[in-house]
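Two complexes come next, and they have one chain in common, chain A, joined by chain B in the first and chain C in the second.
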Partner chain A sequence: MTETSSPPAGTVMFPRPKKRIRGRSIAILVFLTMAALFFCIPLYVLVTTSFKTMDQIREGAIFSLPEVWTFEAWRYAWDEACSGITCEGLKRGFVNSLEILFPSLIASIAISAVTGYALALWSVRWAGGFLFLLFLCAFVPFQIIMYPLIVITVNMGIYGSIWAVAFIHTVLAMPVLTLIFRNYYKDIPPDIIKAAVMDNGSFWRIFIEIILPMSGNILIVVLIMQITSIWNDYLIGVTFGGLGAQPMTVNLANMVTVTTGTVSYNVNMAAALQTAIPPLVIYFVLGKFFVEGIAAGAVKG
Partner chain B sequence: MRSHRYSLGLALAATLLSGAAFAEDLVIYQDWSSPAEVKALNVLKSAAEKKGINWVDITIPHDTGSNVTLLNLVTGGTPPNVFSENNPAVYMDLEKMGLGRTLTGLFKDLGAVDHFPAVVTKVITIDGEIRKIPLGIQIDGMVYYNKAVAAKAGVDPEKWTSLDAMFADFDKVKAAGFIPLALGAQQWQVGYLTHALVATLGGADYFTEIYGPEPKAEALDSPVLKDAFTWLRKFQQAADPGSVNRDWNMTTNTVISGQALMQIHGDWMKGEWRAAGKEAGKDFGCAQIPGAKAVVVSVDSWGLLGGQPEAKDKAELDFASVVVDPVVNADFAAAKGATPVRADAPTDKLDVCSQGVLDILKDPTHQVQNPHSMVDPDWQASIWEVAFNFWSSPSMTVDEAIASMKSNYDTIVK
Partner chain C sequence: MPRVSFEHIVKKFGEVMVLNSLNLAVDDGDFLVLLGPSGCGKTTLLNLLAGLSDVTSGRIMIGNRDVTELDPKDRRLAMVFQSYALYPTKTVRGNLRFGLSASKLPQEEIEKRIAWAADMLQIGPLMDRRPAQLSGGQRQRVAIGRALVKHADVLLFDEPLSNLDAKLRTEMRMEIKKLHEELNPTVVYVTHDQIEAMTMATRIAIMNGGKIEQFGTPDDVYERPANLFVAGFIGSPSMNLLPATVEPGGQARLADGSPLDMSAYAFGAVPPPGTALMAGLRPEHFALAGPAEAACRFTLKVRHIERTGSDVMLALAFGEATLTVRAAPADAGHLRTGDPVSVQFPKDRLNLFDAGSGRRI
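Presenting the complex of A and B:
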């Protein structure tokens, strides 16, 4: 779009639209810079404050660079900061978050992929009604069904454990994920399945040997969606975690929420960054595939 | 219920079974996490351990409003044995579920009730019975000032006897190049300032007519309320431009760093001063709001879970008696920077500000309780909203503010 200097095809008409585009692109650039600043200034404050000492923060100049760069706040937030009387820093919540993340991820993606596959490519009785129900469920706010869910987990005997949190994550992600997989799979030509059935393929064998290898993009999309939402979740963790199974976000909230207590802004900023980094890393590593997957999904369905 | 309790996390179940003979576990649900608060909690923890109580901590931030998490834990069958909660309605809910625990008998036996300041007894009493353990006292509106700045400006905040005298000195402070009054203009801070002003100008009885369990319509016509809003406007005009939506902590830091002379806010401000390594009486001074007819007292208080097996119940009561023990309570208050809940607590470890508060509280007519512990939350929220709107829109008149309070009164209270 931009390399237009060398082609010989340039006519008299050419410079005019080019000028117009330039004017507009300046406006776009200005707008984008403003939008970027809008996000970058708080981020700048967040990062620099986390490297300052409290003495410097008390001076009040929030935009100044740290006089002395120190990792003390980062170390303290990770290792020593108190959440109530337990002073083990964020690392405890980090471990909990990981323990919640893996079972939730595996269960939610596995179950919804298979369900989506069955709904899209096999003739399932009531499939239409079932899809409609799923569609409705995707719009039920969690807060409304929170109480019954607590009672359910209590009866299952898992309330207040990592399994309760993982279970709820899995259940709540099911409608949307199933719909995503179903829509992705429904565009696979039915002839492929028919041929596979003729070749004596079973339900599972077709899924594992034919469908899964075709699902790379959509798996990445769902993986990123799920990692981000599970990692960043607060409400499910705080409601079902009970004693000792609370994720990093709850840990963070305990550290930064004070009403009448003192605030260590540097430690809070460091803790917030530590909590935000894992999904960011995932996003940077898998981001390329994510965009491809979204695009593939968009073209197909 | 019983079986649910055993299906807790492994750690708890294990300790429940194995440790029962030696130490009783108490699950303590609270939300203090800043260094001074944790230090104070550890005072309680080690005192409780001497009584054979094992402190199992569960920390979730919760506001003074409706405590959803506490009720979730109860529904989930893992209720905490001790919980921080101010809202009387929660205690009544627990009572209805058969999980209330009264402490009237225990505190009478301990002889603690006679030593509680009048307002403390009021706060912990719900429906005629004591249902809360008082931990520490905070005053909602105090003047904390930077002594170095006061000396440079040539003023003495402790000499002020009225708000007029205070404002009269502000020109001097400005001339010396300081901000006279640092304030953080957030809704709750303005709300707190408003009720502190109502207590200052109206005294205990009038305060109860506005912020009590049964607010009175006539009280809204009183000249005192007009006065309160007039002063609120003066405070707003005296506040520096940086005050908009500023945390009280950052506001305190402007006083600590010597940009401003003083701050009027709850006396938990002391925490920031102490965290900055400053000493009460030397680096900073404190006083009640000049000319105060009454001060508003917040009492940090925790509740106990009733309907427990005997051993658990005994441990809970032991915990309560540890907390109100005069020596433990004084140590707790000293660590937190609060004021003890007992007038007979040893004062040797307390700083001058806490000692000052204990002196103020000797007069039972000079104290009222924080609205949170008695008023209808909707009514209080509406007052906060009016006060904050008034603060944020300089063109709003006092009469307009009072008129909107009246219309809220008609909707909410009547």
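Presenting the complex of A and C:
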């Protein structure tokens, strides 16, 4: 080695072996490519079909690009498509989904953050038992308690409204969210809370001024989690929403499954994309803050 | 009237007794250091005073107020923590301001106090930075500033210097001492570092196993340790403790048979002949060649030598045991392991303890 690449006199060199492509890395690349195709091909078909006319779709070449790019299917899906007996398109479901999303998001995060804070940093009687109970609740399947929940919402007089759906989302998310917040707050150095207790002592003041500003990272995580799960939910929406308060997913399902006459593939695919876009936007917007939050190391005392 | 007093304090964690009927009173303007090994209850005692944990029984008074049942914020105390405990999302100014947030002071007064503390601790240029942008020493200053702005009745320190490096620790030690001399607040300071305790305290309470072993000035605990625990704990290297037996005529005999002259010792009560003693000889009081007025003299072999630059520590073979002697490099520089050396101990520096009870006699 030293003979072949004789370095200039006086310098010491430690040549590194060149990196070679090994069989193992080729296998990994092939696997990753296949995995990527597995997701990309259906997505490609979905997107291109939504821009095609029905005439072109009937020709059957599903991988071809649209001959004429048209937004007609998108407009129709949004404005006119029928789901069940109403023909108002997806926009009705979109508004419903937003109306469900905001109250349940705010209520579930606010309540579980405060509960987690109390459990982690204040001495709460029976906190251990309560945490265990929460842990158990997090694993109860929704289907088991569905019927009692229906009875409860009926008795509360909110069954079949936006509020029923939002209420159920809030309640079901609470155990997991509380555990997440509690575990996050448990890692805050105890001296900080002791100092705050001596300086001010108010439960709410400490939460708002000291603890909440330290919670940026976990709030983003929980926000992404909740928005995705609430927006994508179908079962709660279809069970508690009734006719007037169905979220976008239920609206979409009705539109796609209950259609008389020919199946409008382009409208269905446009509708599916319209339903899927909002959580994607959230991923892109908040994902950036998520990474920034981690990089800033906000909690380092 | 004492500024802070603990009266019959009992603290149990479950079934474990941490403090058992402890009494302690500190005068106004005193710098009290609670000193002791880990787990001796000193931090527990500080937390009880701060109100961060509750007493099982007993009473805590600050001035003439009974604070035992008060919330921490109502006790008019300020505390500096070992980990600084600065609020990470607030600026230095915000940290100082939050310290005053419960006090309902007018805005003007708050600003005045913050400016005063910033000036006092020379943290003015750092006021708009966050804790993460400060060095360890700067964070410690801010933590002290946050305690000072409150103008509290008593300042509490919980091992505030143990996270700093050696040089910074010495500087901050001087600075805290200077602050105490200028502002003269009552201070309760917890540490396991005896140098900190000896240099800063006006009163030291040495604790062990939940009890106060000795309470006195730094000179008291060094010159006249009340018992074997304090004798062994204070001083570095620690005091040599040699068993001896009392003989008639103010004499005693050490375990190796050499005599010990106790004639210059200020006895509380002269023990009868035959009493088993422990003689405490501080390594720094030995002399290699010195006055004839010696309580005892030995010629022993050097087992081990440790040079620190300013001193030479000699570990001498005293039978099976080791006798530690501190000497000046000029006197002991030539010594090697195995060399015989003569040492003598002055009469008036002797400490004597009852071997049974461990108490000073």
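Definition applied: the second predicted complex is superposed on the first by the 259 of 301 C-alpha atoms of A that agree within 3 Å, B and C clash if a C-alpha of one lies under 4 Å from a C-alpha of the other, contacts with A are read in each partner's own complex, and residues count from 1 in each chain.
In this section, a contact is a pair of C-beta atoms (placed from the backbone, for glycine too) under 8 Å apart; a residue touches a chain by one contact, two chains touch by 3 or more.
What you see is a predicted model, and the numbers here were worked out from it, not measured in a lab.
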| item | value |
| --- | --- |
| First (chain B), second (chain C), both or neither touched by A:189 | second |
| First (chain B), second (chain C), both or neither touched by A:45 | neither |
| First, second, both or neither for A:214, with chain B first and chain C second | second |
| Which superposed partner A:262 touches (first chain B, second chain C, both, neither) | first |
| Which partner reaches more residues of chain A (counting touched residues only), chain B or chain C | B |
| Partner chain(s) touched by A:60 [first = chain B, second = chain C, both, neither] | first |
| Touching partner for A:197 - first (chain B), second (chain C), both, neither | second |
| Chain B and chain C footprints on chain A, overlapping residues | none |
| Residue ranges of chain C touching chain A (in the complex, touch as defined) | 50-52, 71-74, 77-79, 81-90, 98-99, 101-102, 131-132, 146, 150 |
| Residues of chain A that touch chain B when the two form their complex | 54-55, 57-60, 81-87, 146-147, 150-151, 153-154, 157-161, 238-240, 242-246, 250, 253-255, 257-264 |
| Residues of chain B defined as touching chain A within the complex | 4, 7-9, 11-12, 27-28, 30-38, 41-42, 45, 55-61, 63-64, 69, 72-73, 75-78, 138, 247, 249-250, 253-254, 256-257, 259, 266, 268, 271-272, 275-276, 298 |
| Residue numbers on chain A that touch chain C, as the complex places them | 189, 191-192, 194-202, 205, 209-210, 213-214, 297-301 |
